[in-house]
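Here it is, the structure, as structure tokens.
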Amino acid sequence: MTASIAARPRSPAAPYWTGFAVVVALLVIAPLVLPPFWQRFATEILIWGLLAMSSDILIGYTGMVSFGHSAFFGLGMYGAAAALLTIKPPSLGLAVLYGLVAAAGAAVFVAYFATRLRDIYFAISTLVFSQIFYVIIFTWTEVTGGENGLTFRQPPFAIPGLFSVPFTRNGLHWFVLAVVALSYLLLRRITQSPFGMVLQSIRENEPRTRAIGYHVERYKIVAVMLSGLFAGLAGVLYAIQNKFAAPDFVLFLISGETVIFNVMGGMGTLVGPVAGAAFFLLMKEVFSRVFYEYYLIPVGVIFTLMVIFLPQGLLGFLRRRLNQ
Amino acid sequence: MDQIIIQTLHGLVNGMVLAMVASGLTLIFGIMDIVNFAHGDLLMLGAFVGASVLGVTGNYWLALLVAAVVIAVLGAALQVTTLRPLIGRDPLTTILATFGVSLVLQKYALWQWGPSVRQISEPVRGDFTLFHLQYPWYRIVTAILAALIIGGLWLFLKYGKYGIWIRATTQDRVMAQAMGIPVPLVYTAVFAIGSAMAAASGVLFGPFAGVTQTMGFDFTLRAFIVVVVGGMGNLGGSILASIFVSLLEAYAAIVVSPAQAVIVSFIVLVLTMLFRPTGLFVPTPK
Amino acid sequence: MLVLDNVDAHYGKSHVLHGVSIEVRAGEVVGLLGRNGVGKTTTLKAIMGMARRTGGRITFEGRDLHGVPPHGLAGLGIAWVPEERRIFRLLTVLENLRTGLDRRGVTPARREGLLEKVYAYFPILKERRNQAGGTLSGGEQQMLAIARAVVLEPKIILLDEPTEGLMPRMVAQIQEIVHALHREGVAILLVEQNVPLTLDAAGRVYIMEKGAVRHHASSRELRADQRVIHEYLGV
């Protein structure tokens, strides 16, 4: 299935859509057949996968390595928390709205830097920015709950005026699946459009793209906004699923893990990072059994080895293998 | 007023320690274009090794020496195994690779030494009296030591035979090779030197706040900021910038909490990158 | 001593050298002439391992240079004076020389001797020995580049366009140096566009065009019959 997607990235041919449908179908059935732990796991993979996809727009497609995704994710999370805590009754729509607006705010800030700085300087400043953000959240206890974070109730799945139904565990999973799948389709559409082509051209050779006449700055701004919005959306979903917002999720480590998903899965493929997220989370689970909280040692080693020997990620590796 | 004097001392002392860390980082970047994400973690490991040696021997100076040597060897090993294969690749790949290394080192420290905070006791007891204020002697000693070590590095680079090799390789790798300078060895040596300096910084800083496995990250962050503000690859610039930024943070800590003072560094970084991207202390290139 | 045997080279996808065969025997001065862009510098770079060799062999004193790392060439006796000179701008004149002097196996006495030798060749370098390389004039930098190669005590010097952009007085000085080095028994592969200087200094000359060697003759023959020069260099 992955083979057909990898072998024909451009033409949405029948095999691709079949594969996609199969994956979605599997994910739909998942909560019904899996034990509760793995069910949650499946939902989490979806959320992290969305975060990874959002990051791929910047890292994989536009070639701008960013360590700032924890900020977008965190803002989405805290934004949703704000809506769910301040507005009674808790509204799903408002949670999403607040979260996206908050993430967008940060995205504007980062977008400004994206246009002025290149490469390493951009990466370093996103790193610093995400850390600053963590400090603010951690210390502004009155607003953000500081170290302990915020807890709130899960909003019902509601369309105002029509109906309101509280989420069941399965229902939430399907909701997340729907959001993530739609996001994926939307992002895919965008990356395969002329806009997406320009982004990739920027990654390959920015001066040349500029010379051809494209307003590179504008494209970068849009890329950052898109990336930030979808990362924020992931944060909102996480908040809704877990009913809390905590500074741990604004830690730089989240940004770092996101980058790991991208590299492991295969940058610039959208599907790759999702696979990377799944792979990482799976490895984390498996290694935790053996290495307890030191699972990051083998995972870190594997990641570093992959950066050196498999820079194309899992997807790239598969692609090459299957093309032989 | 007293606060200001104390904070000035804090700023200067912290600045010197940071300068040691940043020197290694900027040396490494200047010569091989590697942004070493794991630099702070080398510092952290140095502090742990130092704490262990101190625990066994009770000798602070021995701990300092052993930590520097051990981490220098570790650094060399890391460079040869993970960074040499990446020569010639996109510099962002090295950020990712060193990030991976950073994760492994942090968790390794957790595994090896456990989660509790280790202590490194001060090498020198007692306070130094300035007017009517007391300031711990060991902090002054730390700053002086850092200055000496940095001075030693500078002398080595300027006058030593290998110092010339390092400077030549930094300026023109290809021509250095044509002159017979074994560049791959120089790279490894520079990485080892940078690692040793980071480790020494860790041991020097140990008595300030205890040794934890996450202490490295803060240093990595600040070192990055300082290296950019000072001009990447510019040794003198990063030293000046270290002191400058540390002083600013120290003064800011009078008004906001120390954890929040790091925002000041961020602002300096942002302003530098926007208005003087080659570095605050570097003359604008023609 | 130095033999290029049917060498092909590529820059990326561009095929820049086609079956180049050149030989420099011990103590010889050999010229490599040709217009701009014909591949003369690329040939030198191929010897130095900087261009991707895709065919043929390069041997020095019988040893294939293929496996030799770039920093090993100086130790074998091959010195390079590149077209752009490539002085270490932030190093002083003396430090520039030290990159070659501080080799293994050179006693302090010998180092002093070598230093005196190049100071004798180029008095101006002695005068400027504590000045940064980047502050030297073009001609002085050229001298420093040559001096740097000389202190390596090489068996062969690859000299790339040493007189480019220099005043006539300096050109004459360079000519003198080439003669002096020849008298000492150092082989030189001289890449130049200055025809008279090359014909004067070199015993044999290769002429290149479009990445290949088109003509090979002794300089005496070329001096006698100027038509070949006209044809390939339009001079």
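The chains carry the letters A, B and C, assigned in the order they are written, with residues numbered from 1 in each.
Here is the rule we use: a residue touches a chain if its C-beta (ideal position, glycine included) is under 8 Å from a C-beta of that chain, and two chains touch if they have at least 3 such contacts.
A quick note: this is a predicted structure, and the numbers were derived from the prediction, not measured.
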May I ask you to sort the chain touch graph into line, ring, star, complete or other?
line
Top chain pair, ranked by number of contacting C-beta pairs:
A-B
Cα-centroid distance, chain A relative to chain B, in whole angstrom:
33
Using CA atom averages as chain centres, what separation in Å is found between chain A and chain C?
56
Just how far, in Å, is the C-alpha centre of chain C from the one of chain B?
43
Residues of chain B touching chain C in their complex?
161, 164-165, 167-168, 171-172, 174-184
Would you tell me which residues of chain B are touching chain A in their complex?
35, 82, 85-86, 89, 91-93, 95-97, 99-101, 103-104, 106-108, 110-111, 217, 221, 224-225, 228, 257, 259-260, 262-263, 265-266, 269-270, 273-274, 277
Residue ranges of chain C touching chain B (in the complex, touch as defined):
48, 50, 69-75, 79-80, 82, 86, 88-91, 95, 98-100, 102-103, 148, 152
Show which residues of chain A lie in contact with chain B when the two form their complex.
65, 113, 116-117, 119-121, 123-125, 127-129, 131-132, 135-136, 138-139, 252, 256, 259-260, 263, 293-294, 296-297, 299-301, 303-304, 307-308, 311
